[in-house]
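Some notes on the structure that comes next.
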Amino acid sequence: MKVVCFGEMMLRLSPVGYERFIQAGSFGATYSGAEANVAVSCANYGLDASFVTKMPKNDIAQAGINGIRALGVDTSNIVRGGERLGIYFAEKGASQRGSKVIYDRKYSSIAAAEPSDFDWDKIFDGADWFHWTGITPALSDNAAAITLDACKAAKKKGITVSCDLNFRKNLWSSEKAGQVMGELCKYVDVCIANEEDAEKVFGITSDGTDTETGKLNYDGYKDCAKQLADRFGMKYVAFTLRTSISAFDNDWAAMLYDGKDCYFSKTYHLHIVDRIGGGDSFGGGLIYALSSGKAPQDAIEFAVAASALKHSIEGDFNLVSLDEVNNLLKTGGSGRVQR
Amino acid sequence: MKVVCFGEMMLRLSPVGYERFIQAGSFGATYSGAEANVAVSCANYGLDASFVTKMPKNDIAQAGINGIRALGVDTSNIVRGGERLGIYFAEKGASQRGSKVIYDRKYSSIAAAEPSDFDWDKIFDGADWFHWTGITPALSDNAAAITLDACKAAKKKGITVSCDLNFRKNLWSSEKAGQVMGELCKYVDVCIANEEDAEKVFGITSDGTDTETGKLNYDGYKDCAKQLADRFGMKYVAFTLRTSISAFDNDWAAMLYDGKDCYFSKTYHLHIVDRIGGGDSFGGGLIYALSSGKAPQDAIEFAVAASALKHSIEGDFNLVSLDEVNNLLKTGGSGRVQR
Amino acid sequence: MKVVCFGEMMLRLSPVGYERFIQAGSFGATYSGAEANVAVSCANYGLDASFVTKMPKNDIAQAGINGIRALGVDTSNIVRGGERLGIYFAEKGASQRGSKVIYDRKYSSIAAAEPSDFDWDKIFDGADWFHWTGITPALSDNAAAITLDACKAAKKKGITVSCDLNFRKNLWSSEKAGQVMGELCKYVDVCIANEEDAEKVFGITSDGTDTETGKLNYDGYKDCAKQLADRFGMKYVAFTLRTSISAFDNDWAAMLYDGKDCYFSKTYHLHIVDRIGGGDSFGGGLIYALSSGKAPQDAIEFAVAASALKHSIEGDFNLVSLDEVNNLLKTGGSGRVQR
Amino acid sequence: MKVVCFGEMMLRLSPVGYERFIQAGSFGATYSGAEANVAVSCANYGLDASFVTKMPKNDIAQAGINGIRALGVDTSNIVRGGERLGIYFAEKGASQRGSKVIYDRKYSSIAAAEPSDFDWDKIFDGADWFHWTGITPALSDNAAAITLDACKAAKKKGITVSCDLNFRKNLWSSEKAGQVMGELCKYVDVCIANEEDAEKVFGITSDGTDTETGKLNYDGYKDCAKQLADRFGMKYVAFTLRTSISAFDNDWAAMLYDGKDCYFSKTYHLHIVDRIGGGDSFGGGLIYALSSGKAPQDAIEFAVAASALKHSIEGDFNLVSLDEVNNLLKTGGSGRVQR
Amino acid sequence: MKVVCFGEMMLRLSPVGYERFIQAGSFGATYSGAEANVAVSCANYGLDASFVTKMPKNDIAQAGINGIRALGVDTSNIVRGGERLGIYFAEKGASQRGSKVIYDRKYSSIAAAEPSDFDWDKIFDGADWFHWTGITPALSDNAAAITLDACKAAKKKGITVSCDLNFRKNLWSSEKAGQVMGELCKYVDVCIANEEDAEKVFGITSDGTDTETGKLNYDGYKDCAKQLADRFGMKYVAFTLRTSISAFDNDWAAMLYDGKDCYFSKTYHLHIVDRIGGGDSFGGGLIYALSSGKAPQDAIEFAVAASALKHSIEGDFNLVSLDEVNNLLKTGGSGRVQR
Amino acid sequence: MKVVCFGEMMLRLSPVGYERFIQAGSFGATYSGAEANVAVSCANYGLDASFVTKMPKNDIAQAGINGIRALGVDTSNIVRGGERLGIYFAEKGASQRGSKVIYDRKYSSIAAAEPSDFDWDKIFDGADWFHWTGITPALSDNAAAITLDACKAAKKKGITVSCDLNFRKNLWSSEKAGQVMGELCKYVDVCIANEEDAEKVFGITSDGTDTETGKLNYDGYKDCAKQLADRFGMKYVAFTLRTSISAFDNDWAAMLYDGKDCYFSKTYHLHIVDRIGGGDSFGGGLIYALSSGKAPQDAIEFAVAASALKHSIEGDFNLVSLDEVNNLLKTGGSGRVQR
């Protein structure tokens, strides 16, 4: 199974521990991005994963490439050039203080890339699955055009297409997002979202949903998922269900709609080490689960277990093995020492 | 609004993470003190804050001055001279193990300062508020005399005076404290305390109060506050209400008495990153809230929210902005990522 | 009171914070081992503790010796020689992700030691107590033979012998363990175990016990302890009772059987900093409590309080003083700052 | 003496020690820029230093402001707004391996600033000296226009203007630089340069100069300086004279031309800790020396001694006091312990 | 050009900076080995490099694999299994104190590997060059047999074989080395050595050589190289020439003998950051230089420049690009900042 | 051979690497003192070393005790009590910038100790050598009185007494020093000094000596040594001879006068890692060398070699073994890797 992921990889700079930005004397440096995170997850589970992007020709970008190459992701389709690597600063929250992210991703090589930079026919050679997220077309009109090229090329080759809506309000407006994503989602077979995405991008809501308080509305999810699937002809729609109790404590679960029924996963109470990349690790788990033929209930349990583990890991990448996810599914997560 | 804070600034040396003193191969170095912490809070909320003390003429003291100057506190009234900067070692507790503090603050420049070191008339030029805590007069008889000078000068200029009782049993006895503070508190308009302070300094108790078990006795607080206010003619008395469940888990709330009624805040469940400075951040929040004309209920909610956030921050300083406190008041603290 | 502990000391290598092995750019280096941990606990409480092992003649082993010598453990009976120091890598778990240990302890100096390396008559000169654990005889046939020599020598001198069963499935099989430990336990006066040890080593079970789910079965413990005590003529059998809720949250208690009655301790809810060495710190606490003549209920409370504190401390050693354990027994562990 | 410095402040990210970019797991974070460095030097020597720039409204920029505010630089004239803070990555060289800098400073707030952002009349109120470098006008046409505005306003108020040519080939071409700087240098009283700058910006050379080999040509310097001074009517031209033996070993000296004579300083053999900011520290030293009325020989010795010390200090800022520079001038730098 | 390197990869544990082993509270963790180092150098210069070894199936070994995979080395031929990864501890020397290495590499997976673990015919598919060092056959008789298998398979396919004698006295005796290497060297086309290796392995000396004092004897080298080449029919023999002045200061040069003439390189004065891997980086440079058709003088200059740069880099890997080596060849290494 | 050392142990706080005090975000924490350093050296060479002082009863002091106990120094004669542990801050110099020390040692437990705290008869039981330095009597009149008690007790028991003059101008004046040391030196058999000490304490000079420039005056040393020996009836006078070229580069040698002849050692060129404790390591080496019966030339060479190595080691303690010193004496210090 070969999975191609397309998007941006950035340098993530994080203060040590729970220091605030204005205290930080040094930043931990990792490299990540929503789609690269999914590629790493897929590689961890033994899939052939390839990450596609455009990055500048300098050592900082090279360090990022090395980072995912170390984890077994194919980087041979990464185009080198352009002006800069996107950067984001991530301050870890604690207790009542939420995490904070400062983006410095404008003018990045991938945002400024041209459609002619990518030869999708060649990139998709031998591929079975194509994954992208709503962040990529939000980067620039060019990036949206490239995403559309990729979707069309994937469709032509009969490749399954998955998308995580991932609405980012500081990248584009709901109006723009709805318009661009409305076109792109026609090519999507598997859609990952949460209620907020569905509402902000496509105006899809159901009664009783309240994205601000973080209260979960199990009744409304199916309705939202059905609306999404019906509008774009998607085979699967998955919703992640996060309840934020504090920056340290979250409940985490998900739902999978297969066009007919809704399958709700077990809920994990998370005591969080690092929550960035949590949604991406869900995507990676879902791609693995569906592409390996798991039944809907098993698939959603796998994806949630995988992403529950992510919250215990520093950095954006979900550095867990297939065995570890399966072990959690079996033992339920009491966190005993494995000697 | 110009706030003048007077007291000691010390070098705080903390082992990394949860290491004990006897494990520590290095100490994180920050600079703080009860009154400096309040000055930083005030500066963070946009007030003109000035910190007054005496510190030696060496680079270690200079680093401390730079530390609060960085955060916008005026340091031009700090007197340089004397023998040493006070130091304290702070070991972070965990679970059933409490935090531990070793003081090495004797013979510090401020403890040995002379009344003639400070020209209060000049220091208070343009000031609206004067804040000190019970730690300062406890340092030495000279320090107590200087505090009295300052209180008198403030009164003469019509400056509001606030005091946090902050009883420290290793600095002085209850008898000495009661005597000195009894004189000083006559000048105080706004008093911050907890039940333990009220009892240990002034012998003020009410039925059912038990400071050892940490159980909160809502009924008794008003009685204590009233006794305090009546005895010294204070306009406001605020009590912080902490319930220690473990070194990691505390409940945190407060009460404000305005001479007539008691206003109790919301209670926050804190998962603690660093609790030192928690009380000072409450003081800073209260000064901001009262000086900006908030109603009692709003004022106490602001001060508690501000100090709840402090517990999520490394070091003594409450490095939060006005926006962040207001945001917590609005959202209730689920700790979501702010992108 | 002089306590002699015999076993292996290893180099422990731990990634920083919650990093996984494959993220680690550096490893914290500490030195420890089940029996060395007990020796350190005993020294902390003021007993004369001596640690006996064989370690190679190089600076890495020397650093380990220095580590326990720093804490007041006598190291003059450590034999130097052989090829290598055992190493183990310990990755800290979080939330649903359990801690992980990779052992690299084969071919260590102690595993390859000869009975003639140790002169037990001289080592036990003036000793009152001898402690070993089931890990030591599991290292090699030679190590088992040396342990037997030591037990016999101790018995001859009227020294109390304690043993923590400490079954490690990657060192030997249940069959081999049962056979070797069956012989050695005849010399044991005080036995420390948990239900899993009792079952895996001696096949001792009682109805309703389920070691996988982590549920505690108070009724069955007494039955197990009685079986153990009766089979080997032990005076005391102590069981630690751990309930793993997550890698961060455990409940912790214990039980002491004195040949007649069972004494259950208070249960502590632990929020864990480092759980490795938790069982050893229980052993050290129990040796102190029994050897200083505490009554059974007091003894088991002391041992549990001591080991509850261990979970709040980085590294394997339980770096707490007698005062701190007694303080916890008195205050119940709300974790307040000790100024 | 009040000095106003205008330019860009950036976030500098440096791998630990001598790690290369592709090895770096974390970056030390400091904030600096050619003109901010000069402002810090001036503040260290007791001058009133003010730094003027435009920076975005986020916590990363705030940390930079705090950094120089800590050192006593006035930041009240910094305009907040725009998109991003410039960043540069600095890898420290060693032996034969040169240091390496990757700039990511395009689209910064200051590069995109508008002339209307700055009210020079107000900024220069009470000022005696204005300093800028050739980096500022190289950032953008707008930045060049703002620099011109500032020069004119300074001239009108009779303020001394100094400029460090600081040619950066990756910011603009020699042609563009020559044209823009040719206009701006008409306002300059004190010019700091090296041979390479003089040639690359203004095409000024003298026989025997070879900027590639690093060999010093004492005879040609005076000629270059005279050409520069004559062309633009400058009062002083200073040349720094660096001989790179390796990344660790440099010889460092300078020359001052006062329109009549050339004064050469003593040469220091430097064993380098961090050479970035070396030139800026020379500028700061020269401004202090000339503005405090030192004779040419004394002035150039002071500036060279100050900047020799900079090479022993981590980060861009020259964290030395007046006493320390004077002490080096007196003792010659044997580096004895100062107890 | 595809290069296959065969040998051991170990975990290297290094105290921070210049700390001694007995001071170390943590160890920096890198992964390396003589032949892996060569593979990394080759990949850096753009060759297809593949590293072959046997490593255990655990996360520590995986981290090592990830480490070279990050740098573009093919790891698909690494066999997984066996008991342990070799470890070495490396303490950095300073001034008169030499660096110190403690090996803990016995019983490693590669030392215990079986010839049947490796299918050389498949491994060498498409390969042009095979590199191994004298460390590999020294690990065990099995490892020597596997090396012989590899040499024979390489010869059969017409692949160039290079070997670095790399005598390690703690792995085998001169006698054993002479016997085993005598057989293996018959397959070697390019031999890398120094005078000490030549003498200790093959008893080859020339008058005036004194390996203890570190004095270089230019006259004797050619004689030694000729003897080596003649005895085994090698096409090239390269000698590295190191003069140790102190742990910080070395002179570094080399010589290449092409069966007819001796080509001596320029000598670099090194101020050392990390000298481990210096010889390996010479090997990698020489393989690149010879395989890309450089003339002898150019080849030896390239290899020496490449390895001079290695001494400025932390860790065993020579993290330099082709451009950087060529730049040093052109500019001679004055270490100027590259902006 | 049992050596008793008496003096102060302090907490040393050092910024990371070459950071200045005002940059330091953390301080490395080590524990040391002139006499403790000598005790550690003696223990390293296999002597029975005991350190005597008074330290407060807190965990910071305990960490210091653990630090030397780890290295095998007997700490059973350390008196616990008093108010505080002395602290000193040490900033590492570089190139032209000298190291900087800020003392905060006033009011320490040892400075405030009473003669009755120490039972010298018991402390000296079985001792052969007593070492103290001129820092101890400079701490306070009490400390001087205790030192005198100790000298008298040692003399009575026939114990050899050594003293390092160690003049510290910030502890006392030359007048006071001369008076107190004049009395104490009557008991001294072996005196360690440098020219500056001899002049500042006893006004002993010889023509041509210039302590400011650091130039060595071989002719004058013998004269000084003879004057010292003659005045106090000392058997040996040793002078350390340091030439400071820069903070990084020193020449280091020494001279021993045996009442008749002067023996000059080899000179080492040091590239310094940490020079604090250099003189103490000379003292430790000399005590070992003389007490083990080495001839004067051998003794001075040993002491100089030992202390040359110290300059390559972080912290005050000279963490070298006898083998390493002997190896340096044999090989001359080319700093080769010891595998």
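As written, the chain order gives the labels A, B, C, D, E and F, with residue 1 at the start of each chain.
Simple rule for what comes next: contacts are C-beta pairs under 8 Å (C-beta built on N, C-alpha and C of every residue); 3 or more make two chains touch, one makes a residue touch a chain.
Just so you know, these numbers come straight off a predicted model, no measurement behind them.
Participant: Counting one step per pair of touching chains, how few steps separate subunit A from subunit F?
Facilitator: Between subunit A and subunit F, the shortest chain-hopping route counts 2.
Participant: What is the distance, in whole Å, between the centres of subunit C and subunit F, each centre taken as the mean of its C-alpha atoms?
Facilitator: About 42 Å separates the centre of subunit C from that of subunit F.
Participant: With chain centres defined as C-alpha means, what is the inter-centre distance between subunit C and subunit D in Å?
Facilitator: Inter-chain centre distance comes to 62 Å.
Participant: Which positions in subunit D are in touch with at least two other chains?
Facilitator: In subunit D, the residues touching two or more other chains are 17, 20, 22, 25, 66, 100.
Participant: Under the stated touch criterion, can you name all the chain pairs that qualify?
Facilitator: According to the stated criterion, the contacting chain pairs are A-B, A-C, A-D, A-E, B-C, B-D, B-F, C-E, C-F, D-E, D-F, E-F.
Participant: Mind pulling up the subunit E residues that touch subunit C in the complex?
Facilitator: Where subunit E meets subunit C, its residues are 13, 16, 20-22, 24-29, 58-60, 62-63, 66, 83-85, 87, 89, 91, 100, 102, 104, 106-107.
Participant: Which part of subunit E faces subunit A closely enough to touch in the complex?
Facilitator: 66-67, 69-72
Participant: Which stretch or stretches of subunit F touch subunit E in the complex?
Facilitator: Result: residues 17, 268-273, 305, 308-309, 311-315, 319-320, 324, 328, 331, 333-339 of subunit F touch subunit E.
Participant: For a test of understanding, state which residues of subunit E touch subunit F in their complex under the given definition.
Facilitator: Going through subunit E, the ones touching subunit F are 17-20, 22-23, 93-101, 103, 168-170, 212, 214, 244-249, 275-276.
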